[in-house]
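This structure is in structure tokens; I'll ask about it shortly.
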Amino acid sequence: MIKVENLAKRFGGFYAVNNASLEIAKGSITGLIGPNGAGKTTLFNVIAGVHKPSAGRVLLDGEDITGLPPHSLFDRGLLRTFQIAHEFSTMTVRENLMMVPPDQAGERLWDAWFKPGLVRSQEAEIRKKADEVIEFLEISHVADELAGNLSGGQKKLLELGRTMMVDAKIVFLDEVGAGVNRTLLNTIGDAILRLNKERGYTFCMIEHDMDFIGRLCDPVIVMAEGTVLAEGTIDDIKSNEQVIEAYLGTGLKNKPQVSA
Amino acid sequence: MELLNAFILLSNFVLVPAIAYGSQLALGALGVTLIYGILRFSNFAHGDTMAFGAMVTILFTWWFQSMGISIDPLPTALLALPFGILCCIGFVLATDRIVYRFYRRQKAAPVIFLIASMGVMFVTNGIVRFIIGPNDQQFADGERFIVKARTFKQMTGLEEGLSFKVSQGITVVTAILVVIALFWFLNRTRTGKSMRAYSDNEDLALLSGINPDKVVMVAWIIAATLATIAGTLYGLDKSFKPFTYLQLLLPIFAAAIVGGLGSPIGAIAGGFVIAFSEIMVTYAYKKFIAYLVPESWEPDTLVQLLSTDYKFAVSFMILLLVLLFRPTGIFAGKSV
Amino acid sequence: MSYLSASNMTGGYGRGADILHDCTIEAAEGEIAVIVGPNGAGKSTAMKAVFGMLNLRKGSVTLDGEDITRLTPQDRVAKGMAFVPQTSNVFPSMSVEENLEMGAFLRRDNINGTMEQVYELFPILKEKRRQNAGELSGGQRQQVAVGRALMTQPKLLMLDEPTAGVSPIVMDELFDRIIEVARTGISILMVEQNARQALNIADKGYVLVQGRNRFTDTGEALMNDPEVRKSFLGG
Amino acid sequence: HGDVKLGVILGFTGPIESLTPAMAAGAEQAMSEVSESGKFMGGKSITSVRADSTCVDSAAASAAAERLITSDGVSGIVGADCSGVTTAILTNVAVANGMVMISPSATSPALSDVEDNGLFFRTSPSDARQGQVMTEVIMDRDIKSVAITYTNNDYGKGLADAFQSSFEAAGGTVTISAAHEDGKADYSAEVGALAAAGGDVLVVVGYLDQGGKGVIEGSLDSGAFDTFVLSDGMVGDSLPEAIGSDLNGSFGQAPGTDSEGAAMLNDLMADVDASAPYVAESYDAAALIALAMQAADSTDPSVYKEKIMDVANAPGEKIMPGELGKALEIIAGGGDVDYVGGSNVELIGAGESAGSYREIEIKDGALSTVGFR
Amino acid sequence: MIVTLLGLACFALLVVSLTPRLVGMAPLPDRIRNVSLFAIMALLITIVGLIQSWNVALALLNLCLISSIMALGVNIQWGYAGLLNVGIMGFAALGGVAAVLISADPVADAWAAGALGIFVSFILAVVTVMAAIYTYRNIAPSMARNLALFAIIVIGLVVIRYFYGPARDAIEDVNPASEGYLGGLGLPIILAWPVGGVFAGLAAWVIGKTALGLRSDYLAIATLGIAEIIVAIIKHEDWLTRGVKNVSGLPRPVPYEIDLQQSQWFVDLATRLGQDPALSSSVFVKLCYAILFAIVLLAVLWLSERALNSPWGRMMRAIRDNEVSANAMGKDVVARHLQVFVLGSIVVGIAGAMLTTLDGQLTPGAYQPLRFTFLIWVMVILGGSGNNWGAVLGGFVVWFFWIQAEPIGSWLMETITSGMAEDNALRIHLLNSTAHMRLMTMGIILLLVLRFSPRGLIPEK
């Protein structure tokens, strides 16, 4: 589905992504892990058109999409979330969701001015959809709150919610789990599985929670220092010496003090 | 010899004026850039703050002159400058207390500050005219020239003269010193760094124990000092008239922005870019070329790229070009 | 009496509705206290309340027996409290090193030693110390944020989700370090969504739900409480 | 019954704000002189109502004029100053309301044949005339090559064009004609271009405390020019005072006569410099209105507008500044006056000053009159 | 007296918006507050009508209407999309140019003398630009491309100058004192309003294509510069609109007072109403203008409100809030920015043409940033950016005080100095400085309103 060929991204003299090649199979839930600063987010940003690559190219279903602006990628069904939540802070949660669906009649001035009926009926549908998503993410009580006033975790949920407003082909999730309550995260995991199974979404997700990765992802790709370090099933990865050394570690050195 | 003449010609009419004017702009732009860098808004009142500071300095200068105090050959105004600075600081702190502090507490958007600064501009405008009137004021004394064109010709026997004014010299030197000082202050001292921290993330600055009131106060004090120095030096070189200070605002902002808002070095660079582009593009190179080429090749047109009518337009054109390639100015300034 | 004791806090943002209701949080000297709970429960709000960034309508905060309810955040910093907020917790256009220096803003002594310790804990930061914090990866930023707080050499360290977005190996290091810090007698108050790991090292745990204390117990006890596990720790 | 009000609409704020206070003082000097004489229409007095024309903003100027006429109820207007706002006020407000306007300083040739229903006059000559005079002044000194700088407005551009064509027709060459904007921060670019183009003298068409002064200072400082030819807007005591002896030898012309009118006005006005640009013209504008009212025995503009030319021109007794009381008396007695005033008023055509000029030269750091044209 | 009432009224304005906040009450319901703000504005103008004169009041009203339209235009750019356009002056000036080019009488001699040359050089300019763009787009970045570009531009300039220079001189030599330009088309001036919009829109499109990548204050100074360039061109290119020599005597879309005063039906009407024909003629003319302007204002306002309250408005708010995110959510930020930038500029251009129509003349020197850019910005912010009604109210309030600050200021001065002796030096000094009270009063009012209503009189919802 997505094919990344020898991609590189340079900031000044520093290669954040360095000659990375990988493939995301259609219908898969691919995990992307790696130490902090490995270049995962940068890779996402290049694929999603936020940064222009310094070298290499990206293919979507065989089409070269390198350097296309984000909104064109969105139109091709490629969605992404942000690691640091990018909500519309001066709009309510519901509005945040309602602005997502593409091709709304009311977004064309002509229709907004002269076809109020069409706009109204579309709005009703979109609103219904948004309410469903809000319900699912357990944020109904803040549906009319300004998104800027949400808690850190709620903002991440909203990030995820926006991708659920449209029919996507492939969704890139950048640490949706960070800061999200683990119980809710499990529910989200279930939803991702369901979207994957029932609607055929492809997912690629960056995550540091190995349990979560383990439950959802196959395959898992490990990045380090800008390139792909390893790829395989979660079990392969967990037992890979290099990965353990660079990323997983061996647990706490200090024994937790057990209070009396 | 011809080559030397050509060079002197160019120096006299292009290089020296451009450097002097560039430094004047830079001094003004430093104040704008500082307020933008620390308090994150474009301070439209800066031009009038310069006028205010200069006005107080002038009043003190007159007083000193009337008492016969002078520091010949330097202008008496330099002696009066510290008093002007003090009063200007007082004035600026008062406006902060009365006007800006409220919006800071409200965490208002930068554009609100900007519009509020227009209000302050209007009021300062009025105050200055009330006190000293709208007219031209003379206060320069002391030696006027370091070298005078005529003397230069006599001295060197060249055909072309070169003049360099005391006020130009002082301005250039001051601008350079101030930039170095400011750069050092912001990047090396604790207070300077805390000011940058405050501008980056106010809440976090609070959590680090930085006193926001102090940061703001220091920023205004520096800005007022810069404004008074810039205003007085400008007045010494040209003359003091309140209306010109309003007009000065535009090139000053252009300089601050082309250099990159928030960057002291950028202010200097921006000042020079604006000054040089204004002067170089509209200069008529006829005489200059005449010195360099054989007589038969002498051009019979003025060899002027654009008429002086377009001088302002030219500097903005150059500004646009710079921004197209470096969207936040030469030294990658901030943007809110 | 605990070193930090915030009792019966009730309040919200501006004129909005109350978010905290009678919320009580304590941490004794050298103790690690962890707050967990669903998103939007008011954990961050509680931290801000303890730090004086919220007007409390009821309740009080005492530090080392002294009532600090009325103090400004700055004054609390001077009293030895340090706080890492959950979001926007670095100075983006300052270099990593300057970020750390700002952490030590109130200190008058030599800070190089502490800085070395921070670099030791987060080696990547030493590599990037001349880079602006705004250009760092999410996890690196988080490390800068924690590093900044450590630079304060506080008596009470408050961390709002310090491990969000950091890799497992760094998380382990961080928890290790936190244990070490606590052993030197510093109190730690921490919000965590990586709740099991956090409760694992916690002396005391709070479960907040809708601004109220729902469960309060030792970390271990909470870990072993099936209801807590199921509803808040993800099974 | 009661007082007569006259509007004084000048650019008290804006680009020529430094000239206008003295101009207004000039006009008000005439008004108080008339009032104090006690002979104006059976003892009435004239009061002044000031309004701000801003010099540039037609909309604000029109609004101010509207206020003067329809709210303050003035019976005549001294003003406006800059040609642009003058035209706007005239066509939008004055003509519509049938109000007399006498401008002391709008010199644009276009105003000569503007449609005004006989309501518009000016005590300043059209620029076309001054262009010729300036040519003569320069040619008489055997100077054949000049550079011009003009203030970039209708006054500057109009006069510069008029001068250039008349100078070239007389066989002179103009090396460059470069505009300068008033009130700008720096004039090095202009000075550079002018210097490069060369010329024996620099003709400066502008205002004496604005860009014109800036260009002169810049030229002197850099040694680009030593001698300057000054247009009327540049002639005033404050210029040599500000610049000093370097200006010696520069010359120019300003409206005025061989009569001692200007000097008399200067004596009259205690703390205002009556030699500053357009002060005498302002005095004269107000005086003319008063005399015309007296002659028509009416303050109705549609009536007294007919008398303005009469009182301004011969036949009749010559009236100098300070003699307004005498003039009022003569008129009341049925006699004729020929108002001369501070600027040797002689209205021609549709009511603009014929333009007699005095040639001035700067000697020993002061203005001195060296002849009349 | 006059001013006392005015003062009271503006105090009332403040009070309505502020009292609730001052006494810590819950703010008035929005609708009531907004309606009463507009009511007070209407009252203020009525008071002016009653105690100054209806002419003054209507003259004020007309400019208030034009100002509101300009403020709406800026609000579209800033309030909806967060584009900091500080080049309003330039777009308004383009509207003014349109007024001349549409309505002035053609100057036949000038056409004969140089129209062809101007036309040819215009075509050549277009060709040069196209060639340059073509080269830029179709040749890979290289030294060769740069050289080719340079050559095209230089050759283009030389050829253009060859045709343009003589043509310009020929035109400007035709009766320079009163003509010296091509003149216009001699069409009804009302046509100039849409054309002014088109001029401004085209300019905005070109500017937007190049400069909209800039953010906040950088965009501001860029647009400011472009406006200066536009005005410099208008001042300098005499063959087009006579440059600084001004074009006056533009035709009107409404009758002339003099004609009215001489037409029987009007005199009859006036006498029947018991009015003086002279006075009522100018009232009548102003009323005609007011109706025309009000129609435009209402149309623009209706379209703006519709757009703002539709998903289009939501999308714009999202873009203003967070561009990166909006872009990732499939919104073409660049295209949308261009769209609002052009739309807002069109509105400003229309207003600019209207203003020139009302003035009856084009005075390029009048285009000063203080009046045409900053003042409009003050209107938008003070009224409440992001809110169309706010922008309209801001236009009214600010223009009202811009004009009335003068009498208010002199009244203040007189009151202050009334206690002093006639020849008190301070008194004389103060009275002589009265004119400067205008800016100061304006500043104080601005600061007061902003102080108590920081998000504007009618804030964004």
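The chains carry the letters A, B, C, D and E, assigned in the order they are written, with residues numbered from 1 in each.
Everything that follows uses one rule, which is that contacts are C-beta pairs under 8 Å (C-beta built on N, C-alpha and C of every residue); 3 or more make two chains touch, one makes a residue touch a chain.
These numbers were taken from a predicted model, which means no experiment stands behind them.
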**Request:** Check D-E against B-C and say which one is joined by more contacting C-beta pairs.
**Result:** D-E
**For subunit D paired with subunit E, centre-to-centre distance based on mean C-alpha positions, whole Å** = 32
**Item:** Rounded Å distance, subunit B centre to subunit C centre (Cα mean)
**Value:** 46
**Prompt:** Could you state the distance in Å from the CA-based centre of subunit A to that of subunit C?
**Reply:** 27
**Asked** Taking each chain's centre as the mean of its CA atoms, how far is subunit C from subunit E in angstrom?
**Response** 54
**Fill in**
Listed in rising order, subunit B residues that touch 2 or more other chains are 133-134, 307, 309, 312
**Asked** subunit C: which residues touch two or more other chains?
**Response** none
**Request:** Could you tell me which residues belong to subunit D and also touch two or more other chains?
**Result:** 17, 21, 152, 179
**Asked** Name the touching chain pairs, please: which are they?
**Response** A-C, A-E, B-C, B-D, B-E, D-E
**Request:** Using the touch definition up top, name the residues of subunit D that touch subunit B in the complex.
**Result:** 14-15, 17-18, 21, 152, 176, 178-181, 183-186, 188-193, 195-198, 209, 213-214, 217-218, 221-224, 238, 241-242
**Message:** Please output the residues of subunit E touching subunit A within their complex, sorted ascending.
**Reply:** 303, 306-307, 310-315, 317-318, 321-322, 324-334, 339
**Message:** For the complex, give me every residue of subunit B touching subunit D.
**Reply:** 12-14, 17-18, 20-21, 24-25, 133-136, 138, 145, 148-150, 153, 161, 163, 165, 234, 238-239, 241, 243-244, 247-248, 251, 275, 278-279, 282-288, 302, 304, 307-309, 311-312
**Message:** Can you tell me which positions in subunit C touch subunit B when the two form their complex?
**Reply:** 51, 53, 73-74, 77-78, 82-83, 85, 88-94, 98, 101-103, 105-106, 148, 152
**Fill in**
Per the touch rule above, subunit D residues touching subunit E in the complex are 12-13, 17, 21, 50-52, 54, 56-60, 62-64, 66-67, 69-71, 82-85, 87-88, 91-92, 95-98, 108-110, 113-115, 117, 128, 152-154, 156-158, 161-162, 179
